[in-house]
């Protein structure tokens, strides 16, 4: 253990009331984002996307096409921002890195026996180093949910800290897989644990487990980030992933982000959407805003 | 990007700049308001006896919306006579199930016209459209729907008793939830077989007059519901009318006491729903973030124009700093402004008079030496507005702790022990509501038992439902509204 | 004191043998008349005012009855307030036990109450019936102690994710102007439902028939009823009715009677603190609805989540 991080007392983590969280989350959805605010929000959403492909059937061809899409969201609209990153399996990092050369788009790689995390720490560290060596700018690790639910928070903490160390300069996103944690109280505890262990980002889900990202879960994590920031002065990023496929929902997330953490977090540096089909819906909305006409997916590239 | 190792003060969150919400006004284009509204008596719209009208204004612009009939004793008399005749000849003789069907019908029409009602409620009263649309109007329909079903089941509500209506009910309602209070009054009264004369608040009569249209559209027999608009003297005429069997009043404790005195010796029944100064108690072991949200709902809902508002925050000393910090952050995200904007959280103060009352308390607080904190949001130039406000550093002896302000103004006190919190909570002539926030079940049961108030919200606040009885202990009133217990004020048991 | 000891010594010696008793000269047994005092906070003080009124029957003075003052009333309210929270939180089972105990104690003193009613002019048969009914009334309410809550409670099916329930709680301190025409049953039939509901009471006994009230206080005193739960005053109804209605620390006032003037006065004064006013006339109603007159309904909300 080279890390100097200290496992916090998770019993002191603030409790969460599920119904209260759900009510608050619903209230964000009641915000009506129109006109120039919507335009601005849609641009932000695009710039915050981690365009993702995490399939057993992924091939270099598929990843290359995805990277092209990442660089050229809409060939006809070069003024649009690019996505923040492309997110792939470790074996595809080199392919993605190559395809994205010359762009500012990061390559993110899942690691640590994604999505289950059911392997030894040794192998997880090895996988992390491999992905970083292949050029990954960001590592999306999964926590050992079994150990966490079993109460072995020390194990989970140490594992995160070691992966963080293995990341070197790469940014570490820690996936809590909230759909397997059972309660929002556990989500909050896991968030605190991950941040103290060194996470640069905390992330809701792998996308392989239902439910994936939800507004209530994300709210709890944002509140944990806020309290951690107050306590330590260190900003931590947030990445909801899985299930966010519509622009409207993504804007609700931005409203929640703005009203929970404030403007400092409203940037791809501190907020990401893990999504595959969100980009096209946002592009359709941008076109709708521009032309006043509702759009069809037939006019947007499917990569 | 990590902030430097400075004090925690530098870690303040920034809610002031950057991405803002563009105006998102609810359209009011298809809302038509008449120039003048007459009384609704015996199923018809009737000009006031003295021919006089007064203006009802939009508090967000201070401009008049429409003229409304100024009722006097003769109008009241006409309405009471209509109600008496309808009671005697029609409503008390109708099969209860048929009475219920009229109420179901009313509920449905309100649902159909809900957006229209919401817009008018926000125009006339100043409350944000989000609340009138999502809270007030849905609850109005729900109250009619709930009580409709009771009409033919009253014997099950009062076992072993024969259940009879009271007769003609005079009902006087406030301006904070204009249509909802009308529904709270009219729905159970009608379900139990009474007929009514309703006197809406002077500053918010419009949705009641729209409700009169609904009663017409529902073919409710003439005279079952009569609505006479006017000010305090109109209400007094209703209270004093000899042929009214029962008075139901919602409003200030001061006026409630006057009514109780006026009714002394008359044999008329009465139910009163009066003021409050509820304590919202936050323990250190609470889910703090949800508690903060509950505090916000407790005091800033409906501009704080809520008799059961959580206007006293009692926070345990060990978390006071955290709670107040988070509360201030949350207050920065509250949007004050155009009630018709869908993003508005806090609308207009209902009237000039009410704004002056609130401002007087802000002055009193400052003079008493308490710290006043207001959020930094902009407010419009015209109309009546008050930023969300905190009084901190207050003691139980401060006037702003003891007296009902009825605005978006929260007095924050600290406590150390459970018993201290309970004692402070109960140290008031009021007893309408209370709040408690803790993650410990046993403590919830103790505190909710020991608070002397009619409605206690544990780990939530300002929730309402037609099935849930509502009403006060002590000087907060007599009787309950809502639920099975809310039928009692409208029945005679033998 | 010395004389008392002498008597006592004689009694002791009387047990020894018949000879000594025979030796005592035979005299007429002088009955010991009872001093009727007030009952406040579990004690029997005289009125602080020193006032009294003669209670006469057939030209003879039956008793000098305390004429309680408003200060006595004030003391009684202080006692009732102090006792209220503890009494309200006593378990329903215990309240039932105590009410039943009152019935037992009253039964044990059955004859005394019949005699007392007769001494105030009630005929024998109605007097006996009244005592029987008073006992039955107490048994009736003893049984309600752990049941009325279930009759008046509700779990309310609200539309949101909340558990919501309504339960009855005592109104608090109740002042009671007992009926004039029934010295025992009228008293018991109004005290029992108030205290079984967890209220504490301050009672002004029938001015015309006050004796049973104080004797009933003795019954209460020997029945495990905590001091201050029931406080009984004797005095002038007209004088004290306004006080009973106006006191700011009384939550409800019950007036048993039909005087329009008194009702008006009470209702006017009650508005001081939005006091609940209950007027009762005619037959004494038994049952939970009578208990409910001095109950408040409290509704509690709590989220349902994990």
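Letters A, B and C mark the chains in the order given here, with residues in each chain numbered from 1 onward.
FYI, a contact is a pair of C-beta atoms (placed from the backbone, for glycine too) under 8 Å apart; a residue touches a chain by one contact, two chains touch by 3 or more.
Because the structure is predicted, anything quoted here is derived from the model rather than measured.
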item	value
Result of counting contacting C-beta pairs for A-C and B-C, higher pair	B-C
Remotest chain, chain A as reference, centres from CA atoms	C
Distance between chain centroids, defined by C-alpha means - chain A, chain B (Å)	43
Where chain B and chain C are represented by their mean Cα positions, the distance between them in whole Å	40
Gap in Å, rounded to a whole number, between the CA centres of chain C and chain A	71
Multi-partner residues of chain B (at least 2 other chains)	459-460
Interface hub residues of chain A, defined as touching at least two other chains	17, 19-20
Multi-chain contact sites of chain C, meaning residues that touch two or more partners	160, 162, 303
Touching residues on chain C, where the partner in the complex is chain B	151-152, 154, 156-160, 162, 164, 166, 169, 171-172, 251, 260, 263-268, 270-274, 276, 287, 289, 296-303
Chain B - residues contacting chain C, complex	142, 159-161, 253, 256-258, 260-261, 263-265, 272, 274, 429, 444, 448-449, 452-460, 463, 465, 467-471, 473-478, 480, 483-485, 493
Of all residues in chain B, those that touch chain A in their complex	1-6, 8, 10-11, 13-24, 130, 134, 285-290, 293-294, 325, 333, 342-343, 439, 459-460
Residue numbers on chain C that touch chain A, as the complex places them	160-162, 303-306
Contacting residues of chain A [partner chain C, same complex]	17-20, 22, 182-184
